[in-house]
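Just so it is clear, A, B, C, D and E label the chains in written order, and each chain counts residues from 1 on its own.
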Amino acid sequence: MAADTILSVENIEVVYNKTIQVLRGLSLTVERGKVVTLLGSNGAGKSTTLKAISSLLSLEDGAVTAGSITFDGKAIADDTPHGLVRRGLFHVMEGRRIFEDLTVEENLTAATFALSGRGVKPTSFDVVYGYFPRLYERRHGRAGYLSGGEQQMLAIGRALIAQPKLILLDEPSLGLSPILVEEIFGIIARINRETGVSMLLVEQNAAVAFAVAHYGYIMETGKIVLDGPTERLVSDQDVREFYLGMSGGEGARSYRDVKHYKRRKRWLS
Amino acid sequence: MRAPMKPASLEVAGLSLSFGGLKAINDVSFSVEPGSITALIGPNGAGKTSMFNCISGFYKPQRGAIRFDGEDVSRTHPPERARMGFARTFQNIALFRGMTVLDNIKLGRHAHMKTNIFQALAYFGTAAREEMELRAEVERDIIDFLEINHIRHMPVASLSYGLQKRVELARALAMRPRILLLDEPVAGMNREETEDMARFILDVKEEWGTTILMVEHDMGMVMDISDHVVVLNFGQVIASGLPHEVQENPQVVEAYLGSGDPAALMKRLAEEAA
Amino acid sequence: QDKEDIVIGGSIPLTGVFAFAGVAIEAGIQDYLKILNEQGGIDGRQVRLAYEDTGYQVDQSVAVFNKLTSQNENMHLYYGDSTAFSRTINPELIRRNAMIMAGASFASEINDPENFPYQFIAGPDYSEMFSILLEYIAKEKPGARIVTVNSDSEFGRDPIESTRARAAELGLEIVEEIITPPGAVDVSTEVLKLRRARPDYTLFHGYILAPLPEFMTQAKQLGLETKFMGTFWSMDSSIWADVGEVADGFMGVMPYRYYYDEEDAPMLDRIREMRPEYQATGYMQGFLTAMLMTEAAKRTLEAGNELTAENLKASLNTIEDFDTGGIIGVPISVPGNTVPVGRIYQYDAADKRMEPVSDWISLQE
Amino acid sequence: MRIATANETYLADEALLSTRTQWAWMGVLALVLIAAPFVLNNYWLYLACLVAINVASATGLNILTGYTGLVSLGQGAFMAVGAYTVAWLEANVGTPFFVNLVAGGALAALVGVFVGIPSLRVKGLYLAIATIGASIILQFFFVNWSSVTGGSRGINVAPATFFGTQLTTYFQLYWLFVPIAALMVLGAANLFRTRVGRAFIAIRDRDISAEVLGIPLLRYKLLSFAISSFYAGVAGGMWAYFFRSVSPESFTIVESIFYLAAVIVGGMGSILGGVIGAAFMTLVPEILRFGVEIASPYVSNAATLLSPIRTVAFGGLIIAFLVLEPQGLAEIVQRIRRFFHLWPFKK
Amino acid sequence: MSDLLFFIEVSLAGLGSGALLSLTALAFVLIYKATRVINLAVGETLMMGGYFFFALAAGMSLPVWVAIPLAIAGGGLIGAIVERGIIRRMLGESPISVFMVTVGLGSVLVGLVEFIWGTDPRSLPDFMGSAPIFLGEVYVSRKIAISFVVAAVVIAIFLVLFRYWRGGVALRATATDQAAAYSCGINVPGVFSLAWIIGCGTAAGAGMLLGQIGGIAPTMGAFGLSALVVVIVGGLDSVAGALIAGLFIGLVEAWTGTYLGGEYKLVFTFGILILMLMIRPYGLFGTTEIERL
């Protein structure tokens, strides 16, 4: 393992409710300072992977039954979920999960608990407002009334306050307008660049994910089926067809032309 | 396949809705042609979902009218609108998690059924007959159509996100929609799944003759399948027209679309990095 | 052997809010039966108590009744634990015509031979207790001002109306009727009412102990010159022992003698022999109930009659000028459903004892 | 795993009992119920009647709480309404028992609808607390409306008469209560095969989206309250004929908790669950009684421990089921069924 | 005595018992704020507080000033045990399930008390003295006055804490979304434990005050029911609401009890409860739940 690996997941298996196996020997690594993306269809187990890494599985009656996860040089097995956050691993969960009853500012305050016992200087909220001026306008309003995009901004803002070493981002583009997707991914890239924080990014919007990521993994039913540097992935035939919607030649095919036939992915056969 | 219905038209006129001081919808007017797919797009927080909520009767707008086939329905309650033929799906999936797929779909028909409480308690007779008719129809027209035969007896909570979205569509179809409101039907889906859903939407329009109003942020799909596009921003209509017209409207590009091109984003990021 | 045991069934509250009474009652019944059986029982037949705990809950009492009746053939006597039970089981008693019943309830309602033909109370009912109190007051201080304090429960509300009438007859003035919600502990506002009413006597009913001590404490603080009185279930001296100085002077009506009474009473001597430590008032109640029940059974068998409820009750009503061995200080009769006799006792905090302050007052003409 | 049963018609697919084994079990149950009164002694017959009453009431509460998701701690009060109605009618009108029971149910339903009105504004725990409030207010009426309710003393109830015979023994009452309870359970099971029942479940799962899908919320919430309290009212009426006296202290909040506990222990949102939950919770105290009886020679004053043990067991059962087996006894039964399904000779 | 003076005395007594209601309501609020659980066993925990004090001060003859903190700690211990043993296993279950668990818990606690101490009511060793307090001509019961002061101080402390301490945010964040709170680095189990320990400790303290006034009995948990009205009127998650509504309900109870009769107290308070739920479902100061489609 390279010395500058911040996260390494080795052959983990995850089972929900002691019965449903979702991950079957999944491995991946994130190098320090890099953005890595994890793609896959619905139900492949992407969110499950992230929850396994941040130890949040137990809340949903799931458990890692095999394999190991190492974060920042130490296995996470003994860490509590909040302990892990305080070690510098921040999980921006699927569906935003902001605290609806709290104001925007209180949401950010809540994230300051991630700094407890770390001896780092707290970030001023202005940093967040700098990236997301719209949050500043609504800082005293209840977060539950923010629109979807604003909530996503707040979720990322909380991650900034926590000054993590690694951010796990679960579908940050979900439900966002095209321009916001661009904007937020721009900011994600900027944050990565400016603060050097590593990121593991789960996305359905493969095109934008490839735009910011250095490396990518593609998973299918609980296993990694393909991985490589982004440049290589975008030129893969199946990735182009199934994730970028390009049939053979140039440009995306039209949705009107799609017919009811089931195509097969190479990596499944 | 079921006989197509007469498609309905929808007209929103001068609609305004505010929450406390916040004007979520501000004097909005637009219309949806019978049998068309109309897309309602706009930035986050522009008021699209609120608009859907007004149309389906969940929110009571302070001003304005909603006309369905020319008739003002703004004073009716959600259940009445369901009976008239309004059907919708939800931005955050709102399936009934304690029920099976089949029951979820059957539930969609609620407003059109007649069984009363006494018949229900006795079951045999009217209730049983009505249930059997419904079951046969749902099986024939919806379950087969949306290819969800294999999951009909499964509890919805155990389904993957994509299938849940499809069950929501099925439930909306069971409502005998004359106008179908779809709130972000393909959000969170990858390209492949989006293609499937797009196909279903087109089929519903073509084979059922249902008018469709759709909110969606996936511009690839919106521009491909919709006949007409309305753009909201800060609760106001800023543009409307054919997809390609809207796509080129500078105001829309600035407020909503952006470059619309991942390649451009990649390039921009590379430049910034340098 | 054809001489089978006679069984007294019992739905007895060994737990629950009324446990303190139930435990004592059970001991009282058992002890009397022991004495009786030593003397050869009734007509050579032994008498046995078959009972179970009810937790002072009606449904449990009924369940116990059903269980015991289906397990015991010769059950002709029954001890029940609450007014609600007495009322609930009444139709069943009439239907069975197999046993007579008495119990821990002194409810006035039961004192009605027509509707409760097979039940009786081994003492005065609650209205009669109040009558005894009022007679005492009328004699001590004619025209006295009275405040009644009752808990808002069936138990508490029992004598309110009859008391009103009786007080008027005796020329006493009820200046305030206070009702406290059940379970209330904070009585400051009630005490304020009391202060405003300035009564000579304050009569409590429907409580066992709380909130009487708090009432009395606050009244004393306010310098109220009122005498506090209660009814049977508040009259056990052991419950007042913990209360301390405030309890001094508390008075009330008591149908039986206390364990430690020194007047001549062979049964009390016997009891003190069997049980060297203090026995609560419930013990006396159980003891006397068993005595009257078995006496009725004895008289029935002696007359050569079958042990039906009807016969038993008729025999019970033949009891006249009966000597209880000193459990009650005067000879008693049971003409109807009660034994309307009692005496006023007063608590002496220094001795931790109830001392008699009146003669036996009998409501029978 | 259970292999999906391939039923040939939709009718068969939607039947309550879809396999031959289920029919066989139902037959056995019916036979047992018919044979029981001839075998059981008076005490067990008493318990059987009590179980029937509790099954009726718990099934009603299950419709409201288990299926519609409206938590109610007022079931006891609704039963009281039924019981008082029956008592009053018996005393003042003398209508046949069947009419009285239905009237008791109907009046309880009416009161239920009234109590359900806050569900328009509040739900969840707030509603549960509102129902506590409503039952306390009802209690006040029972105590203070003496001319009708007999005040704190309550009223005595004449026995039910059936073609001139007075139903006074538990043997007789058994033949009245068990069929009524069975009918009520069947009705509840039917309900959830139709649009009405589906609407209830939808309200439980997410009421606001149910409304948009065409379910008039208030009407259905009140309907659920009405049905549930109708069940309670009929059960209360049976209770009145059973104990033959009704007083305010007969139906306290503890009673309501009992029924809610029965539904939870049995399995919320399962008809079978309501039935076995009610039976189980009725019988547990009796089982404990026998336990204490067996222990009494070895433990001093065992009898005085019974009631605390029961109180602890009552609470303990609620906790244990919620923590360990949230789906209740019904789920355990299912598990046993699945287990036997794997046996070589299945149907 | 003048009617006005009488009215003032009655009102003061009402405020005094209202303060006890506020304190008990505070126990509800603390637990609700962090865990979204309405702990119906607050009444029984209060009873346990009384019995702990009884066991320590009367049973083991410890000095009062040792027994008081120990009894409060005992209440906290109950909270800790319940939280660790039961509530934590129910993370993610519906609030209604947890609510019912607390109902069961109440039953268990009552059973335990009956098991250990029996059912007889007892009186607590006096630690407040009984010399009455006169404000001018107006009489106030000493115990009620002391309880009022204690309750006011405790509630004031919590008001200040929630205003200036970021732990308040952690509490509310945990209540809104446990997984998200974890992901912000909040020690969710810690917050749960803390809320339960402090909440139950507060209830135990209220139990001792109440026991001083009226003695203790296994039935005294019923007091929790009145406090429930207080939290609904004040708002389930509002400390200030508990204070104001507690005093208000205390006054209403005193007035109805005095001018109408004791039997009207409960109907009136619960009538207010239902009225409140109809007009302002989330109470005077409670946070409304966000419901969006």
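Basically, a contact is a pair of C-beta atoms (placed from the backbone, for glycine too) under 8 Å apart; a residue touches a chain by one contact, two chains touch by 3 or more.
Protein names from UniProt, one per chain: A, B = ABC transporter ATP-binding protein; D, E = Branched-chain amino acid ABC transporter permease.
What you are looking at is a predicted structure, and each value in this text was computed from that prediction instead of being measured.
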Between chain D and chain E, which partner chains are common? B, C
Per mean C-alpha coordinates, the chain lying farthest from chain E is B
Could you quickly compare A-B and A-E and let me know which has more C-beta contacts? A-B
Report the inter-chain centroid distance for chain A and chain E in whole angstrom, where each centroid is the mean of the CA atoms. 44
On a C-alpha centroid basis, what's the spacing between chain B and chain D, in Å? 41
Just the number, please: Cα centre separation of chain C and chain E in whole Å. 38
Per-residue overlap in chain E, given as positions that touch at least 2 other chains: 114, 263, 266, 292-293
Where chain D touches two or more other chains at once, the residues are 143, 208-209, 212, 305, 307-308, 310
Two or more other chains in contact with one residue: find those residues in chain B. 58, 90-92, 94
Tell me, which pairs of chains are in touch? A-B, A-E, B-D, B-E, C-D, C-E, D-E
Tell me, which parts of chain B touch chain A in their complex? 19, 22, 41-46, 91-92, 160-163, 184, 187-196, 198-199, 202, 217, 219-221, 224-225, 255-260, 262-263, 265-266, 268-269, 272-273
State the interface residues of chain C toward chain E in the complex, per the touch definition above. 15-20, 152, 178-181, 183-193, 195-196, 208-211, 213-214, 217-218, 221-222, 239, 242-243
Using the touch definition from the top, list the residues of chain D that touch chain E in their complex. 71, 117-118, 121-122, 124-126, 128-130, 132-134, 136-137, 140, 143-144, 208-209, 212, 257, 260-261, 264, 305, 307-319, 322-323, 326
Mind pulling up the chain D residues that touch chain B in the complex? 4, 10-11, 13-14, 187-188, 190-191, 193-199, 201-202, 204-206, 208-216, 223, 227, 269
Mind pulling up the chain B residues that touch chain E in the complex? 49, 53, 58, 90-92, 94
